[in-house]
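Shared between the two complexes below is chain A, which pairs with chain B and chain C, respectively.
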Partner chain A sequence: MEIDGTNLERVAIVDDDKAVRDAYEDFVSELNLTPVSEAGPLPSLNEYLLEVPKRADAAICDHHLKVQAYAQFNGAELVAHWYNQSFPALLCTRWERVNIDELRPYRKRIPVLLRPQDINPDTLVLGIEQVLREFDGNFKAIRKPWRALIRIEEVDADVNAGFLYFVVPSWSLNDVVSLKLSELPRPVLQAAVRGKRLHAQVNIGAESDVDLYFDAWETE
Partner chain B sequence: MTKAHIRFATQIIQRLGEELNPTPDQSILELVKNAYDADAHECVITLEHVEGPGGSITVTDDGDGMDESSIVNGWLVIGASSKAPGQRTRLGRVRAGSKGLGRLAALRMGSAVSMETRPRSEPNLQYSISINWAEFDSARTVDAVDLPLRSAPRPEGAQDGTSLRLSNLKSRVSRGDAKRLARSLLLLADPFPSADPLRFKAKLISQEYSDLESLVKTGYFEDADFHLIANVDATGKAAAQVVDWKGATLFKAEHGEIAVRRGGSEYACPPASFDLWAFLLQKETFATRQTSLTEVKEWLSAFGGVHLYHNGLRVAPYGNPGNDWLEMNLRRVRSPEERPSTNNSVGRVSISSDSDLLIQKTDRSGFIETETFQEIREFATDALEWMAKRRMEVATKRRAQERATAPKQVVKAKESVQEAIQRAPKQSRTAIFKAFEAYDRSKEKEVDTLRKEVQLYRTLSTAGITAATFAHESSGSPMKVISVAINTIERRAQRFLKDQYEAVLKMPVSSIKRAIESLGVLSSATLRLVDHDKRRVGRVDVHDVINEVVQTFLPFFEGRQVQCVVDLCAGDPYLRASPAAIESILTNFINNSLRAFEVAGTRSRQILIRTTIVQLELTLACLDTGPGITDIPLADIWLPGETTRENGTGLGLAIVHDAVQDLGGSVGAIANGELGGAELFVHLPILGV
Partner chain C sequence: MTAIDLARTVTILDVGHGNAAVVNTGTGIIVIDAGPRTGLLEFLTETGAPKIDALLISHADADHIAGLIGVLASNVVKIGKIRVNSDSLKGSSAWDDLAYELDLQQRSGAIDFEPALTPSNSGDFDIDDVRIEILAPTNYIATKGPGSQDRQGRRITSNSVSAMIRVVSKAGPAALFCGDIDQVGLDSALEAKPDIMAPTLVFPHHGGNSGGAVPEDFVRQLCGSVRPQVVVFSIGRGRFGNPRDEIVQAVRNCTKARIVCTQLSERCAPVSPKRLSTHLSPVYAAGKDGKKCCGGSLVIRLDAPTDLTPALDPHLQFIQTNAPSALCVK
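Take a look at the complex of A and B:
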């Protein structure tokens, strides 16, 4: 199968549950593609990042890979690293609002986030197509980064789970967005005080705060 | 063939000089560092007529001076060091001055520079040189200006050293600049206890310096409540201890305990030590000491913060006012008792290294953030974290001890009351005794109730934590497997059964899909309650919270055949609270109604949620068609532990009562309201609509 000029034959399936992997295999086979089921335990992130692209042309990946000791890293991290390597991967997971903070640091490099009930042969193809387009610099409106002003509302500094709360006026005047302090670049952390205004690259076309990402912070 | 050369226009001097060193104090410090590199013991800075432009600065040291070659091949060469890298000075100092860019900036402060130097290597000679910057303005390239270097016999008694005078200053040196300079000079060579007594000293002849000098000399280190002493050795292993103000060791740790956050791996940095003197700035702490709280506060405001010393010399801006490179203030926000901040502590991190692992930025704004520097910072923050945890441990033990000793204190107090009663006149003694006994009984009852209430809160918290854990788990794998599997069944069945699918399998498959969605809502609802966003205090739009809660409860309503009507007043009333507080009010009201329907077997089940506003007071009411409030006095429903239901906790409405009280509002109830069942309501002051 050719998607957006890229030849696609094998799709790796990364999930700690065999039943889920089997189900995804079905979707992949339906598209006349070869499923590559990844039985765990997986090696280190650095090794695995390079291994999979040798045996597959794309991947579907679950987020919670550490629960059953299937891997020592989570899926968001893996998909984001693959993005850097221009290897197309879809993150497919049941997430709740409380998981957003976990995903947000990687969100810029996770173009497609699917829920398990939404995955089928059509969404699989469309998703990979979207990722490949991003590799070529063609962003969907909801993913396109813009330089945006960020107004800090509160710095809740807890040693274990501190959060930065802020508003992105060009995205929404009324919604407060949060980011884990531990995920912020050090200069931002040092500049972060209530009322301070900073800039960052933000996909202000995002329809929900779940899809928002923040990158290239400017503190001056 | 013609040989060509790259030459530099004179404007480059301006670029390199003025634009790299932004403040006068930083520029002068560069000259002082040159004195340090020349093995001077003392360097004296004199400011003359600097209140306005046109003043002058003289920097004199008693170092080794320079001979002709050092001036021509070193001092006058900008951008390269005349010394081999790693080469130490005669006194074994690691050189602090960089490649002369800082010096250039300093020399450019005035319109002219004159330098006189008496080299140690030539005891009978002295050299002098003058630079008039105006000559550079008219020249095309830097090397086109001749600078006459004069030598002369040294006057009798003249000691080795260098004197540099910057005259006709382009701008004034303000009092603020002078104060900053004085502080930087005092802190430049480690003034902390245990520093080398023969260390290099830089002195500014000014009032600001004298004031600060007496302050730094006083030193209040001995008044510190905690002194953290930590170090990392050449193998990257750390050790730390905390001593109290009497010098007794409170806590001690080896590497594994300090580096716990990095899994015990070694710090990839040169040997370093970290001292931090932390003060409990409370009146009670200083009540019995000779030093006053005000004195210590003044001292800390002048010198507080954690300073960084590299090979014995301070590196700015670490420890400057507003610089919190170890993020102490950020960490302190949550637990002020156990953590020091830059306002109540003073400290130093000292690093010794000959190598180029730590490189200062060209504009002297600190070290380049290399891995080595980050490792040093991590070592220091880990040591701070370790100290905070140990102090927290002590605080927890102290609180436990206070709880344990409290009953003994009560018994003692009771005995003394009884003794006092015995001393009372005989005729009133019995009456007082009885009154005291009655008081004692009611107090005991109150304590007992509170104890039970605390236990109930703990039990419910545990139930909440367990529910959240299960919700996490069920929202993960099992539900995902069902979701994906049913999709597979649907697709395969459609493929194989074709037209028969609709009649044979469509309905059960749809039922499973709907059930999965409902299950998903159950776990989402539970997890939503523990979302950190919900506990943040800020502007809360009450109607938004109501709509969200009702949305969450929809599957519950459907499952129990409850019709929920939301009747909200016009506008968007808002107040300052946490969304969790408003949510807990409505959630408990709804839970109450749902339980009442179930217990009474109510057939026609309706809940009405209504808001009304009178002036700036919002009334949020929840009415139902249940049996109403029976078997309990109306006022008692808000009391903790009061419930008319089997297995009820009696905490729901007590939580509502507490939450509303925190928000400055009031609660109310009607046994049989408009819909026939209970009508519970709260009045809340709002900020606007």
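Take a look at the complex of A and C:
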């Protein structure tokens, strides 16, 4: 199958649950592609990053991979690193609060996030197409970064476990977004006080809080 | 780049629930309202607009100003004049966010900002033969301001001070933009019996409630004065249930104008079309990604102001296929 000029034959399926891998295998086979089921335990992140692209052209990957020692890393890390290598991968997870906070630091490099119930042959093809287009600099409106204003609402006291709460007015005037303080650059941490306004690159076309990512913070 | 020549056009953008329009005079750009989120930014970058000569904001609601906060922060396009009426009722941080960005840019000399947009400003934004007429808020309503009362004891709201803006070229009036003007603002604007006729009327408040007015009376008064051939509802599919049934019905009762919604109301079609229709104009529309468009973004030729894209027949065909019991045709 050719998607956006890239030939696609094999799709790796990375999930600790064999039943889930089997279900995804069916979707991949329906597309006349070859599923490559990744039985664990997986090697280290650095090894695995390089191994999979040798036996597959794309991947679909669960977020929670540390279950039952299947892997020592999570899916968001893996997909984000693959993004740097221009290896197309889709991430799959339930949109629970804890997941969103975990994903946020990697979200810029996770173009497609699917819920388990949304995965089917159509969404697989559309998702891989979207990732490949992003590699070419062709962002969907919901993913395109713009320099945006950020207004800080609250800062937790605990730098290690706390959060920064803020509003992105050009995205939504009503929704407060949170980011782990431990994930913020030091100058932002130092500048972050209630009422302060900063700028950052944000995909303000995002439809949902789940899709937002933040980069290139400016404190002045 | 877009596949359509936008020189000498007015583009009424599909930005979802909100308003934004771009007037391209051939040598300059005037923007009327900035919508929410990135619709205006996407359109301006897609069309390669180097500069906005004037950006006029009808009033202080988020679905008209949030896009301006985004455009100012993005630094992707230069802006000359920015005009918006101040609104003391909007004590929110959001209104302050806009003031913050405006102040930053004003201090660096990047923009010419004044918190005033009334009929006294008509003529200030004209380019070539294109006149930008400010028909409301009247100086009376603007002076009293939101939170006070008019002579009849009616409350003046943020919507009452909406700027009503008519775009006119040598070929005649092209379109009338009403912001979210309500009965109080409209009554005041029509007191001096100004000429507000225009072939295309962008209906106030996205076809929602107009501030306690009887819908039929409000629509009759507005449409009777504008005498439109096209009435546009700038709506977001799934947001706020607009346009309201009684407003659409009232429009149909008092005029034979074509009705165009930018997006397809869920009340007209509970299920989205499976494919993006070919009737849409080839310019940015927020609804294209999710196949939410009905009319999408609309393009009016300044030199043939009754020439609207998408054309009537293919649009009607789309409606008959995807929303046969739509409010505008049932």
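Odds and ends about this structure:
Convention: the second predicted complex is superposed on the first by the 218 of 220 C-alpha atoms of A that agree within 3 Å, B and C clash if a C-alpha of one lies under 4 Å from a C-alpha of the other, contacts with A are read in each partner's own complex, and residues count from 1 in each chain.
Keep this in mind: contacts are C-beta pairs under 8 Å (C-beta built on N, C-alpha and C of every residue); 3 or more make two chains touch, one makes a residue touch a chain.
Here the structure is a predicted model, which is why all the values come from computation and not from measurement.
Legend: residue contacts after superposition of the two complexes on their common chain; A:Gln190 is shown touching chain B, with no touch to chain C. Of the two partner chains, neither chain B nor chain C is touched by A:Glu2.
Contacts of A:Tyr24 after superposition on the shared chain: chain B is touched, whereas chain C is not.
With both structures placed on the common chain, the touch criterion links A:Glu220 to neither chain B nor chain C. The larger set of touched chain A residues comes from B, when the choice is between chain B and chain C. Chain A makes touch with chain B in their complex at residues 16-17, 19-20, 23-24, 26-27, 30, 62, 64, 67, 93-94, 96-98, 101, 115-117, 119-120, 153-159, 161-163, 165, 176, 178, 181, 186, 189-190. Every residue of chain A that touches chain C in the complex is listed here, in rising order: 140-142, 144, 146-149, 151, 167, 169-171, 173, 197, 199, 204-205.
Of all the residues in chain B, the ones that touch chain A in their complex are 324-325, 327, 330-335, 369, 385, 388, 472, 475-477, 479-481, 483-485, 487-488, 491-492, 513, 516, 520, 523-524, 527-528, 530-533, 536, 538. Within the complex formed with chain A, the chain C residues making contact are 37-38, 41-42, 62, 66-67, 69-70, 73-76, 92-94, 97-98, 100-101, 286, 289.
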